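In what follows, chain A forms one complex with chain B and a second complex with chain C.
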Partner chain A sequence: MAQAVAVIRAFYKGITYRGREGHWAWMMHRVGGLGVLLFLALHIFDIFLIGFGPEVFNRFLFIYHSPPFRVLIVFLIYGVLYHALNGLRIIIIDFWPSTTRYERQMFWVAMAIVIPVWLVAAYFTIAPIFAPH
Partner chain B sequence: MRATIKILRFNPEVDKTSHWAEYQVDTEPNEQLLNVLHYIKWNLDGTLTLRRSCAHGICGSDAMVVNGRNRLACKVLMKYLGSSVTVEPIRGLRVIKDLVVDMEPFMAKYKSIMPYLINDEDPGSRERPQSPEERERFDDTTKCILCAACTTACPSFWANGEYVGPAAIVQAHRFIFDSRDRGAAERLAVMNEWSGVWRCRTIFNCVEACPRDINVTKAIGEVKKAILFDEV
Partner chain C sequence: MGVYTPTLRRRARPNGRFEVMTWYLMRVSGVVLLFVAVGHLLWLHLVVGLENIDFNTIVGRWTGPLGAFWRVYDLVLLMFAMTHGLNGARWVIDDYVPRRGPNWAMKSVVFTLGFILILMGAFIIFTFRPAGT
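Up next is the complex of A and B:
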């Protein structure tokens, strides 16, 4: 419990401290990672439903195609892409400490890859909502 | 130049929680923030409590959160802060009064890394010589003044006060990579503990906060690698 309070306090300090790229890179990494974990839990649940036969499984899978869920998937794609690219940045920093000098530039390189790929993927995820049936 | 200084104040004899107090001050662009705090204490409100000694960025006494970032009040000039300035005590350590925090836990962590030369070999009647290249390996981390700006800017430290923190790791680095020292294994054992170097998440707030421009995260990375590859 005390640990939970400490984490909440730390989160408050985190959003009120005016850190630079590294600070926000880390915050996004954490939030993105938790989001991906949430989807992973959902995914494990839907695979588990196969045990109840194809009908139950298919009915549940239908929610992934609903418009609100597609919006959530856009966030998921961002979470996965960002977590992967920033994860590479952290691995590089950890194994080659002299690259710490370029951590900000590496963050922006990661973003320059994440944003365009994400926008394209977001387009293909959202477009079916507006497609005529 | 007229400036509004907002200070997060706490008097343990009166207050239950801390509160903001505002002061209007006439300042010069090239004036240190510390000077302005002195002006407030000496002319507007004598109860304001802060810690400072040398006032020239060497003693490391006056680290505080200035406009949301850890800074030494004596090293930051008013022209970089604008006309509205917020000042808070550094985070993650217990506030004793106003801008003064309890530095004991911080110093205990400093002591835990054995911040002194460990070498039983008899140097004879002369010094322990060292080449410029050997000295260069830990040059950056000799600059630390123990102001706690890095440790109290670190989210890992905010979340877990047991974490030894960037400042203590910088000090450990200073001895681990010193060719004259023989205590690397002992210090790396402390660094490899649960509360040690692995709590670093490469957030870089320590690097941004350091008033001595030490590349703290690089030093931490080098200690991590020394543990991982068992090689100093």
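Up next is the complex of A and C:
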């Protein structure tokens, strides 16, 4: 019980710690990375099903085309794009430590690339819900 | 006000050389995935289109004129994404599960599932042959 309270308190402190951009960057990197890993597990499993032939595989695909899963795919796309660009920011800071003073600017540069690409990909993922083929 | 401080004394001792190696591995595989994973995502969502993916799409991808290229591409993606993801999960477990027993148990489950998925993915990439070819 005390352990659970400590964990909840640590979690609360973790998300309310006012570290601004660097803090949000770290949180999104971690949550996004775990989310992408979970999706990757499902994705390897569904591609494995292709070995059982077209009936089994195509039947499974309804999951990916269902509206709730499309919303998850929009999150997935954000997770991959953000993790990639913020990962590049981490690599730059790690290998050229003098760039640390620009870590905040680099966060916004990463977002300026991620958001437009994400919105385009999200549009093509969500639009078919309203205009089915 | 108790501040949550994970107990260091029961934490598994990190092995210096191994940790430096995985630190580099994360950055090298990160740069590879920046192109391979983001390329895969944008190719299938913006060029192929989610609506057009079914059994025949994968048959065309893996047995068409560029079949060998796509199988190598998918194998590289599988290996780099899974090792990068599993090591990321290992770091997250080390951060939040400091006690030796639960730490070991969680890593065992995650890595066992991870290795099974790597084997499933590699198996289907190497052995997939649609009926009649």
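In this section, the second predicted complex is superposed on the first by the 119 of 133 C-alpha atoms of A that agree within 3 Å, B and C clash if a C-alpha of one lies under 4 Å from a C-alpha of the other, contacts with A are read in each partner's own complex, and residues count from 1 in each chain.
FYI, a residue touches a chain if its C-beta (ideal position, glycine included) is under 8 Å from a C-beta of that chain, and two chains touch if they have at least 3 such contacts.
Here the structure is a predicted model, which means the values were calculated and not measured.
J.: Taking the superposition on A as described, I'd like to know which of chain B and chain C A:Thr125 touches: first, second, both or neither.
T.: In the superposed model, A:Thr125 contacts chain C only, not chain B.
J.: Based on the superposed arrangement, let me know which partner A:Lys13 touches: chain B (first), chain C (second), both, or neither?
T.: Both partners, chain B and chain C.
J.: Touching A:Phe45, do we find chain B (first), chain C (second), both, or neither?
T.: second
J.: Applying the touch criterion given at the start, work out whether A:Leu61 contacts chain B, chain C, both or neither, answering first, second, both or neither.
T.: It touches chain C, and chain B stays clear.
J.: For A:Ile93 in the superposed arrangement: first (chain B), second (chain C), both or neither?
T.: The first partner, chain B, only.
J.: For A:Trp26, using the defined touch cut-off, is the partner it touches chain B, chain C, both, or neither? Pick first, second, both or neither.
T.: first
J.: Contact-wise, after the overlay, does A:Leu37 reach chain B, chain C, both or neither (first, second, both, neither)?
T.: second
J.: Of the two partner chains, chain B (first) and chain C (second), which one does A:Ala84 touch, if any: first, second, both, or neither?
T.: second
J.: Who does A:Arg101 touch here: chain B (first), chain C (second), both, or neither?
T.: Only chain B is touched by A:Arg101; chain C is not.
J.: In the superposed arrangement, does chain B or chain C reach more residues of chain A?
T.: Counting contacted residues of chain A, the larger count belongs to C.
J.: Once the two structures are fitted together, what part of chain A is touched by chain B and by chain C alike?
T.: The overlap between the chain B and chain C interfaces on chain A comprises residues 6-7, 9-10, 13, 90, 94-95.
J.: Residues of chain C touching chain A in their complex?
T.: Listed in rising order, the residues of chain C that touch chain A are 2-4, 27, 30-31, 33-34, 37-38, 41-42, 45-46, 49-51, 53-56, 58, 78, 81-82, 85-86, 88-89, 92, 113, 117-118, 120-121, 123-124, 127-128, 131.
J.: Which residues of chain A touch chain B in the complex?
T.: Chain A residues touching chain B: 6-7, 9-10, 13-14, 16-23, 25-26, 90, 93-95, 97-98, 100-101, 103.
J.: Where on chain B does chain A make contact in their complex?
T.: 65, 67-69, 91-92, 153, 155, 158-161, 201-205, 207-208, 215, 217-222, 224-225
J.: Residue numbers of chain A touching chain C in their complex, please.
T.: Within the complex, chain A touches chain C at residues 6-7, 9-10, 13, 30, 33-34, 36-37, 40-41, 44-45, 47-48, 50-51, 53-54, 57-58, 61, 64-65, 73, 77, 80-81, 84, 87-88, 90-91, 94-95, 117, 120-121, 124-125, 128, 133.
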